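The following pair of complexes shares a single chain, subunit A, combined with subunit B in the former and subunit C in the latter.
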Partner chain A sequence: MRELIGSLLVLVSFSYGLIEHFDEKVTLAPVRNNELRVDFRFNSDRRFDSRTEVNDFLTFPRIIQELLNRYAVHKLTVTMAHGRWNLDEWGLPPQPSAPAGAQVFAEFEAVGEEDADERMKFLVEALNGVLCTSISHIKVVTAPDFVVLENHKNRKRNLFKRYGVLSGETTCTENLTRLRKLLACKENGLSTLLHPSKLYNSLYHSSHLVIEQHREKNQCEAKMEVGVTVVMRNPSQKGQRPWSFADVFDRKLGSQCKIARSSQIDIIGPSGEITTTDVRNLTAISGAAPIDVSIPIAAIAQKQSVVKAWSSQGGFEQQHGMLTVHITNDDSASKIQVTQIIPYYVHLRYSRIHWKCDKGGNPSIEKVLKNSKGLEAPTLLQYKMSLSAGQTCELIIPFDKHLLRLEQYPPDANHGMHIPASSVFVEKSQFSYSIHSNAILVLLPVPDFSMPFNVICFVATAFALVFGPIQLYSTLWLAPVVKKSQWGRKVHRAILLVIIVFCLYAHMMDINLNEVRRGIETYFEKLNELK
Partner chain B sequence: MVESKEVQTNRKDEGDSSSFNLLLPVSAAVAVRAASFAYSDYFEERVEFTSTVYSFERVKDGIAMLDDGLDPFETKNMHFLPLTLYVVRYLLKTSPVLLASLWILLDISTAWIAAQTAQKVWDSVHGRDDRNIGKLVFSLYAYNPIAIISTGILSLTVVQNFVFAAIFFFLVSDRPAACALLIGAWSSFTIFPFILISCLAFRSNGSIFKFLSLVSLSIFSAATFFALNFLLNGNSLNFVEPTYTSILKFTSIQPNVGLYWYFFVQIFEHFRSFYTNSFVILYFFMPIPITIMIRRDPVLHFTIIGLLVSIFFPYPTLNQVSFVLAILPLLEEYKKHFRYTLLIGGTIITTIALMPVMWHMWMVSSSGNANFFFGATIVYNVALINLVMDMIFVYSRRQIDLEYSDTLTKKTKMDFAFY
Partner chain C sequence: MRHVLLIFSAIIGSQAVLNTGLQLKIDELFDTPGHTNNWAVLVCTSKFWFNYRHVSNVLALYHSIKRLGVPDSNIIMMLAEDVPCNSRNPRPGTVYAARAGANLYGSDVEVDYRGEEVTVENFIRILTGRHHPATPRSKRLLTDHQSNVLIYLTGHGGDSFMKFQDSEELTNVDLAYAVQTMFEDNRYHEMLVIADSCRSASMYEWIDSPNVLSLSSSLTHEESYSYDVDTDIGVYVIDRYTHYTVNFLNKEVKALNSSANMQDYIDSCPARKCLSNTGVRKDHYPKDVKRVRVTDFFGSSRIFQHLSEEIVLDDEFWA
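Then we have the complex of A and B:
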């Protein structure tokens, strides 16, 4: 009966020229002994005719369509990650690659730069709502010239680009819940495997949302990809037994997603062979009879070689520092484009930025430095160069750490603030990808937060010291006075001196002044009684 | 720069008629400065000797951006005028060694001009006597370690001190027009020196018209420099915000030896504009009462205003006051009335010695916090402020001496009162 209604709906929508698809896929690959990489990919697309569009949604999430239309977005990538992708052992990171923290790349239409800034602000707020993130204070850079992310490499004119990274942002269960809500099958199929307890208890976790919309005359095509990539350690630690779904996800697959066009489980074996299980072809699958798979624990033998990048920090004090981005090429020549965002709390020592390369010295380098408008907007540094095989290059960026205004510091100021990870876009002859280095935590000089009033008082006093005498001497006349008899004054001084000496004496001898006072009082009372 | 050449030719004329031999002191001063270049690594990043508007390293950043075809004023924290950038860029392109020797030449000329001018003032007041005040002033500036280090790190304060000395020279030698031109030119770089124009009230022969025409001459000079900057920057006004506005609004709050930085770190956001405005208004108002008050001594007036320019500049370095401190011996006749000489001298020396210590404790070893360094700078500034206030006092005190000279003997005990 449900199928009938479903197909009826599809029939109805066909008459509007509406086509929607939903695909789901999970890939499991042991990347090292006892380390398993899990990739979820949920793709949803929607074709419709903008003339006959009546806002019918079958599998595509309506909120994404609204987002696309409201902000005239052509392509938007949001990633959230924690942990660090181990380029040495795990090979190519999932694309679009994600730096630790949150990352937003948006291409959209706008009237002008200012309108684009405004739109981006609202778009970020909307994303906060959709994904339950808190990236409102992300500082975006305008229109990077070179490629930052692999899926944003095509240049389109008349589009405004904004890119921002927030390294301190942590990703957590709420984000995953909201991502699941965007899927056509929330309670069935592969999405049931998205179980937070295992996915977040892992070496690396990243999730992304890519949405895009193309328009050709009246024919529109909207696409959404939700991806979750996790690298986890064998939980059983027993060693030689193959992994099962229960080991990996803490649950088994007990249902199918009926409306999905495809729904498959790929398992990559040690020698690179791919075993595909189509969940839709499994007939008897239910909560009572779940399916399980056997995942080998041995690592994949041949690894794809990748360009490696990592960042390090130099300097020992809180004023000067040095950021070094190390990039090592793999065994074939490649063109790279390096992007580094420099946040506002760090002052670039522009004349001292330089590259240091081994093997054949510095290649020719194209450079872009861009400043975004706004008080706290970051600076964008981009480089384009080609590396020969095996070459290592270091980008050395000396900087000064800024003292900030009191309210610009985060609540835990002594924790430091992040310089976002640099991204490296690698172009080989056949394919291209992007990788991210690690973010750097910079210790900024901090003022004393506890006593603004003292400082205000001191400086104001210094000003009073100037103003007082100037006012006095310019309005009054200094004149000599003939000295009169000074006896009264001298007696007064003597009394004061005696009191001070007595107080000092009392202090030295540990005499309690209150007791002395009480003694005097009782003495006076006695005197009164005598009367 | 045009003005500076003019001054140098003047100096040569003066130098020939010099009554004292400066050959040995000059060569010693040059040698010390040349040696200080070898140690520039230690000092070029020191907070006491550099600030956002005087650091040569930052000029280099701007030049590097110009070389790369970038607009330096699109980036943040570029507080130099296009003129500075282009002139230094030209000098660096021609020969970096020339730059060092030019800096030495400027600094020595400053000392020389100060010495010549001081001698002139001394001779006119006291007649020719045995005291070789010129040599003293020369040594005070030329062997001031702060001035030496500042030359070694190519700090722009050296140029500024040179202009300062030139203004002093023109003021004393009664060439108010040249003085006004220089003040205008200098103010077009850092705005704050404009209050030096009040010194020209003593060179206007009591005519308001002449004073106003001098003021407009100096404004004209500043406008010319502004136009030059405007043209050099490709007819764009975007240099105004990072240079002039940042000075008038105290936007850069990086640590320096000035009064304001920590205040504007700590101040609450909604009071910021109030305090910015009050400080600027107070500063530009101050010369009016002072000029009215100190009517009879242009040299003392110049010293006071010069000190105020140095103290209240938002981004000063220690070298800012070197020139004014060097011409202090000219206040010989007030010497006996100064009340806090020892206190002020001791405080200045102590705080200057303490600044690196406090800085180290805050920034490097993290055993202290920002209050330590701020404490050293504020006490240093209060000492300078007290020096100014003492100068105002000694002026009034001296007026009493002059007024009642017939009735007062040395042993008369006096009290003072304000009426």
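Then we have the complex of A and C:
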């Protein structure tokens, strides 16, 4: 049956020169006793002839193709993560590495810088629509010169790059639902294991969407990767019996994705050996009984050594602070490229930014600095350097915290504001990868938000006093005495007295103005009825 | 060149089957609804974890109207706090409106505005339809003159205002102006405004636009109360007014052709249950609420209308 469907697909697609594939894979690796790392990867690709307008979509999501075409995107990476990746215990993070919060890296064509900024704004809003995120207020930096997440080969002239991190962004069920909607198999196959109640009850979870499109003459190739990574703790707590799918995902695998080119479950054993199960060869699954897979509890013995990075905050007063990015190399020499974004709400002390390294002193460092454009774009700091084996370097960034304008504070200003995690791209002779440090939370000086109100009250009181009794008594002695009784003045004084008495009454009885207004309105309504 | 088109009445066959006997008699009890589509704006304005109940209010109502046929694309949901994936939630990824209830945050939930995007500005933009051109369709209220719109606000309120995010307020005058703008732009046919907060009757005080029915959980001088506490989570899980609203919808309005009317709904939370007097404002609503189905606002059926006259569509229409 499967072969029949497969050949049908090929037949339909062949006539248009359209080829599409969908692959799915889940990798399960016990990373520590009682802790399990789960990586889902769903890959979709599509080749077509760009001369013919192909509106047929077999497995590739149409909305992604439209996004790629509309904004002339070459590559777009979006990651969302919650929690902190434990580099010591869990090894290399999933690639592209995800900092806490949301991250967007886009490479697209545009006419000029201004057009690119405008396009980026639209692209971010489109992503909000596709992924159900709320990253409209992400601030992006233009054209990072050094590598942030991975090497880019394209060197086209009209190609623009934008990179931004939003550390406070949350990620939850609705994002997962939208990612699932992009998959060719939403209701069967491995995607059924993406069950929110278990995935979010975890130590760390991240998800990413990477889409890219290449054009060579008339051949167009579009690719999409959806990835979900979770590190979870064994729910049984005892750690005696091996993991099962029911433990990990709250369900068993009950169906196959028949249109997938490959569909596999990889389990990594204690000594690093990989056991691959092809879901499409499982005959039991087509029957009523869903299958369960047993995963050993013993963690992988040999841990891969990785470059480590973490950020910390220094300073002990309200006005000044210090961000330190610590980077420790693994046991062989490596080239690293560090990217740090500094938002507009802290002001850098450029002259005092420096590196401090142990073992052999400071290596030669290339740097790029792009100044902040206020609210438009944050500051970008980038460094390129080589580290010797085991070397530790610290990037020290002193900054000043400034009082912002009232409307620039977030709704809960006392929570503090984030400085995004720095990204470290590591190049080894054989391979390269990226890691992220942690975001830090800066407590900015927060104004008294009721201050304008207080100032108005205070000034009004002062005015009333100065132009009231003080002026009265200072001028009264000089004024001639008026003996004649004046009715107008008496009525005026009576009205003032009534108002003052009413105000005092309203104050004592805690009556608010709206109630007074309503009272007067109903009174007039009654008068109208009497007529 | 002018296109002259004749549009003849077209009616879907399945509709005709229903229009027999009993169904026709029931229909006599109600005014003919004039709308063809339904929209809803559900807003939770409160930040912070301890306002869990406001999120579950919105979610409970969301599931009820979705069950009655309003699709996700027609529901704009605003949640100011990420409650399900909050670090304090002992059951991550879930929201419960009752201790033994069902999870309200399943994988079928679509949140359109969340976190810091829930602002007074965005709320007014949704109502008036004046967005940045980049705003995706899922975040817009694309109503027309044949739409019945349900606006539901929950959060903390005071006399004449509703607090958004602990930092700004939506005043009743703002709301009235936004509704009036909608009326002038022909953006609704009928509207139901529900405010569930303390002193919420003040929220609809200034609404003077026609065809608007307004309800509130308490009168202007009263507080509103929450219904149930979950000691495992440590917070109140739902408010009284919304609890009885959802209860009413689930028990009395089982399907789209339910004969429950708006008066039944208004009576569903008497003062002895709600602990506050619910507010109703009908003076801008021309129909008798006893002759209006609850599903005119809380449900969505495809209502086809016959056209018998000749319609001329000019070039401007086709442009």
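We take it that the second predicted complex is superposed on the first by the 427 of 531 C-alpha atoms of A that agree within 3 Å, B and C clash if a C-alpha of one lies under 4 Å from a C-alpha of the other, contacts with A are read in each partner's own complex, and residues count from 1 in each chain.
Keep this in mind: a contact is a pair of C-beta atoms (placed from the backbone, for glycine too) under 8 Å apart; a residue touches a chain by one contact, two chains touch by 3 or more.
These numbers were taken from a predicted model, which means no experiment stands behind them.
> By the touch definition at the top of the document, which applies to A:280: first (subunit B), second (subunit C), both, or neither?
neither
> Tell me which partner touches more residues of subunit A in the superposed arrangement, subunit B or subunit C.
B
> Give one of first, second, both or neither to describe whether A:351 is in contact with subunit B, with subunit C, with both, or with none.
The first partner, subunit B, only.
> Based on the superposed arrangement, let me know which partner A:252 touches: subunit B (first), subunit C (second), both, or neither?
A:252 contacts neither subunit B nor subunit C.
> Based on the superposed arrangement, let me know which partner A:445 touches: subunit B (first), subunit C (second), both, or neither?
In the superposed model, A:445 contacts subunit B only, not subunit C.
> Applying the touch criterion given at the start, work out whether A:84 contacts subunit B, subunit C, both or neither, answering first, second, both or neither.
neither
> Could you tell me if A:139 is touching subunit B, subunit C, both of them or neither one (first, second, both, neither)?
A:139 contacts neither subunit B nor subunit C.
> Quick check on the superposed pair: does A:41 touch subunit B, subunit C, both, or neither? Answer first, second, both or neither.
In the superposition, A:41 touches no partner, neither subunit B nor subunit C.
> Of the residues on subunit A, which ones does subunit B touch that subunit C also touches?
Overlap of subunit B and subunit C footprints on subunit A: empty.
> Of all residues in subunit A, which touch subunit C in the complex?
82, 121-122, 124-126, 128-130, 132, 134, 136-137, 168-174, 176-177, 180, 195-197, 199-202, 409-412, 449, 512, 514-515, 518
> Okay, in this complex, where on subunit B does subunit A touch?
For subunit B paired with subunit A, touching residues are 45, 47, 57, 60-65, 68, 70, 74-77, 253-255, 259-269, 279, 282, 286, 289-290, 292-293, 308, 362-364, 366, 369-371, 374, 378, 381-382, 385-386, 388-389, 392-393, 396-397, 399-400, 404, 408, 413-419.
> Across the complex, what residues on subunit C touch subunit A?
For subunit C paired with subunit A, touching residues are 47-48, 82, 84-85, 91-94, 103, 105-117, 132-139, 159-160, 165-168, 202, 220-221.
> What residues on subunit A touch subunit B, complex-wise?
Within the complex, subunit A contacts subunit B at residues 316-320, 344, 347-351, 367, 369, 371, 379, 400, 402-407, 445-448, 451-452, 454-456, 458-459, 462-463, 465-467, 469-483.
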